[in-house]
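Look at the two complexes coming up: subunit A is in both, with subunit B in one and subunit C in the other.
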Partner chain A sequence: MSSATDSRAGTQRAVVGAGKRRAVVGAIAAAGLASAALLSAQGQLTLPGLESLELLGRFFSHALRPALDYGSPFVPVGAPPLLLQVATATWRTVQLAVAAMSLAVPVALLLGFAGASAWWRLPGPGGRAVLRRLGPLVYAPARVVMTLARSVHELLWALLFLAAVGLSDTAAVLAIAIPYAGTLGKVFSEMIDEAPRDAAVQLTGSGATAAQAFSLALLPRALPDMAAYTFYRFECALRSAAVLGFFGPETLGKFIRLAWNESLYAELWTYLYALFALIAVSDMASRALRQRFLGETPAR
Partner chain B sequence: MKTSVDELRRTRPRSRLLRAAAWAVAALVVFSWMSGDFGLEQLGGERRLANLERFTGELRPWPVQQQGGFDAGSTADWRTVYDWAAALMADGGSKALASTAAIAVLASVLAALVGYLACWPAARNVARPAPFFGGPAVAGQRRRLRLAHWAWSALNHSVRAVLLFARAVPEYLWAFLLVESLGYTALPAVLALALHNAGILGRLGAETVENMPPAAARALAAAGASRSQTAAAVFPSLLPRLLLYFFYRWETCVREATVLGMLGVLSLGSLIRDARAGNLYDELFFYVLLGALMVLAGDLLSALARGLVRRA
Partner chain C sequence: MVGPSGAGKTTLLRSCNGTVPAAAGGVAINGRLLSDVGERELRRTRSELAFIPQDLALVPELRVVANVLAGGFGRGGLLTALRALLKPRRADTQRAFELLQRVGVGDKLYQRSDKLSGGEQQRVAVARALFAGPRLLLADEPVASVDPERARDTLELLLDLAREQGFALLVSLHNLELARGLFGRLLGLRRGRLLFDCAPAELGDDELEALYALDPSEDEQRD
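And now, the complex of A and B:
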């Protein structure tokens, strides 16, 4: 009898849930249509002319024949062979991304631990009530700092650095490291807060201090997810480092822009394929490691 | 007691792969810093510090600077700041804000349409002669079946390769190529954002399809439903997860849409670029803050929507 009622309640909930989901999908579709209407009212969705499609066609027609050597008759004296140039630009991209991540991750760990509220909510022997009151004094400021850092795009940080002190390589590292520390820190703190707390509660119940419970029972639960997310962000850092080349550093983006401006499409594809290979390799490496950790890829 | 701890430590599971990877990462970090030109002096120096001082001084709104800052005796107050900000908003700011939001929404909707269609042939359990049934192809099959197996596998791999390429190229780079060739309107910006995110949503969607509990799909397939019929039938059960991914990507679309303007498309980025070109650092700072606020609003809205989907 009761199980029948349960199942009926379950079905009812499922039906209500489906209705809500349908409403969400409908809202998304409506927002998409409204956006299209707004943009076309601003005259921004005009179809491109034949000329520009030809240009795009010329670009894509070189996809299957990337350059292995310079195509332009005007090659600067002393320029390295094209493939060496591509390799150098690729390495510069890796270098910038690695440097930025190696700054962002430690800072994100500090901010992420400070920003997690799980630490303050762990039950324990006497005095925890005071700590629970104190918690917000630590995690609220940490969360504000992370929010400020990540809500400004890395290219905008680069632009601010460019205007203030010039976009040197060091400034480029910071431009990526600041928003990445914010994003990584936010996700780290969420992962710590969302980790299953059963083991930590057990440990404090049997007399472990909060620090012991945190480091032995809570943190190991969150660690695989945190590692997987760090790998994913490294892939993003590679892309950001490549794009930052548009603003000065000699990464892949700089050479892609130069090749486009001189209509050297075959060389452009060589640089694009170098970027593609870089991302593909890091994707495969991180997937191999992730499978060791998790057996599944993370949601973000 | 001590020995047993030592024994536990000795016999703990260890992975050679993880250990090698840790060493490789450490070496890469050290080598990157050593070989690169990353000195702190690049941030200092007399000329740079003078520039920095001018820059920070000029971040305050222009009327406030004119009236002597916020010091005692100055006539500037919050009213001055408000009027200045309102004038900037009326003078293109709100239009750029609306355009940025519209680009982000339209691009993510297009990305979802393309990505969530492409995820089916990209899923390994769908693109095979016997869809939704696991296990390797039986050895010694008839030739026709082997051929079908090969054809499905070719389709699967090519869709995956296209999705990988679409997401490997950053949205800013796609936007640069498309804007430069199709003109300085929102259309190429939308297409660029949609392309990159379709690559990501297609891959995440394929993983969702591969990881779903196979019972329902197998029952349908065994009862004679076609691939597309089965896919349509199981789609609602995958929807919550696909919606979560959609909102995560929408958040990043909002972030990216603000900067795509720097390529010349109307969005907050174009105002930021113009302000930088004219050395109007107060306006630059205002639009950067406006962009940050917009990103925060997007995150908040997305978190609310994800909560709704999770609870549904």
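And now, the complex of A and C:
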């Protein structure tokens, strides 16, 4: 009797679920069509003309023949050989990204711990009452700071610095470090809060304090994800460092812009390939490091 | 402690160390109600209780030794926890090794806990429970997920340890046969109420039937 009711209720739920899914997919499709219609009505969604197609063709035709030396006759006097230039720009990109991350990660760890609710909402004795009262006073400001820091994109920070003091290398590092600290901190805090709490509850049940449970039963569970995310953000920092070159610092972006401005597509591709290689190498390095220190299986 | 699913076995065990507050009545340990004692005393009381939950609740990313040492955190501060994680004291490691040896997985001391089989992890959880030298060990369905032969071994191990180290043992079990064969005192729980509390020999067929009988009126209520 009761099982029959259950299965009927289950079928109904499944039907409702399918209906809801259809509604969501339909709504997304409708929104897409509506915005396309809106854009073309305002004349913003024009098909590319012949001229720009030609430009694209010229650009991609050089993909398989990147320059190994300067192709243009107008090489400044005293310019280093092209490949050395590429290597230097790549190295500058790495330096900028490393500098930005080495500022962003410690700040993000502090903000992430403060902005997690696990350390003051964990059950268990040991200064619990004090933590409960203190928690919101630390938690709320930390979340506000993280939100402020990451709501402005690194390009906007860069433009701000550019207007204020000119985009020196220091300013470029800060432009990346500020929003990255906000993003990393937010994700860290969520990873800590989402770690399974069974072991933490178990420990407090046998007399451990909330602080002990936090550091031994929650942090180790969040750490592999936090490390993986940090490596991913490092990759993003490499890209951001390259792009900030458009505004001055001598990273890959600066030379990509110069090559593009002068239609030197072969050289452009050389710099692009350097960027690809940089991202690929950082990906391999992060995987090797995670396997070595966090005992992750190669499958991940 | 035996009874059908939903009888309240886990809730009762968890209320014994105060992780689930008693909705009615109370739990007294050493003559003091858990709901009356302050945080400091609750912590000291808890450090004399060990609890093995059904899902074991090991920290899978940590080495076995750190998980075993976690059983002794009731008598230390944050520093004790960090030491267990990074550089355990030699004496503690030695004790952890001896306990693991006693339960049969001494060679796993430095392995990552999630690399162990289910049965091995269970033994690590037993070693963790014993680390602080408890006066009462609460075990929630310790044999729910192991095969019948292993089940008997595990329960016998717990009973042997209880005799050796002189602690009381309260175990919740699904399997009535195992409970009758191995334990000296049976508590029958059904829908949050105690049906019987007696030695296995005194247990009559009527009580058993009442314990596991399907009651249609109760199912109606649940719907």
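Simple rule for what comes next: the second predicted complex is superposed on the first by the 264 of 300 C-alpha atoms of A that agree within 3 Å, B and C clash if a C-alpha of one lies under 4 Å from a C-alpha of the other, contacts with A are read in each partner's own complex, and residues count from 1 in each chain.
Criterion: a residue touches a chain if its C-beta (ideal position, glycine included) is under 8 Å from a C-beta of that chain, and two chains touch if they have at least 3 such contacts.
Bear in mind the structure is a predicted one, so any value in this text is a computation, not a measurement.
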Legend entry - Partner chain in contact with A:224 - subunit B first, subunit C second, else both or neither: second
Inset, instruction - Report for A:151: first if it touches subunit B alone, second if subunit C alone, otherwise both or neither. - result: first
Legend entry - First (subunit B), second (subunit C), both or neither touched by A:209: second
Inset, instruction - Could you look at A:239 and tell me whether it touches subunit B, subunit C, both or neither (first, second, both, neither)? - result: first
Inset, instruction - Return first, second, both or neither, reflecting whether A:263 touches subunit B, subunit C, both chains, or no partner chain. - result: neither
Legend entry - First, second, both or neither for A:61, with subunit B first and subunit C second: neither
Legend entry - Partner chain in contact with A:164 - subunit B first, subunit C second, else both or neither: first
Inset, instruction - Could you tell me if A:20 is touching subunit B, subunit C, both of them or neither one (first, second, both, neither)? - result: first
Legend entry - For the subunit B and subunit A complex, residues of the former touching the latter: 15, 17-18, 21, 28-29, 32-33, 35-40, 42-43, 48, 51-52, 55-56, 95, 98-99, 101-103, 105-106, 109-110, 112, 164-165, 167-170, 172-173, 176-178, 180-183, 185-188, 190, 207, 211, 236, 239-240, 243-246, 248, 255-256, 258-259, 262, 265-266, 272, 276, 281, 284, 288, 291-293, 295-296, 299, 305, 308-309, 311-312
Inset, instruction - Sort out for me which residues of subunit C touch subunit A in the complex. - result: 14, 17-19, 39-40, 42-51, 53, 55, 57-62, 66, 70-71, 73-78, 80-82, 84-85, 112, 129, 132, 219-220, 222-223
Inset, instruction - Give every residue of subunit A touching subunit C within the complex, in rising order. - result: 2, 5, 123, 125-126, 128-129, 198-199, 201-209, 211-212, 215-217, 220-221, 223-224, 295
Inset, instruction - Using the touch rule from the top, collect the residues of subunit A that touch subunit B in their complex. - result: 16-18, 20-21, 24-25, 28-29, 31-32, 34-36, 38-39, 42-49, 52-53, 55-56, 59, 94-96, 98-99, 102, 147-148, 151-153, 155-156, 159-160, 162-166, 168-171, 173, 239-240, 242-243, 246, 253, 256-257, 260, 272, 275-276, 279-280, 283, 285, 288-289, 292, 296-297, 299-300
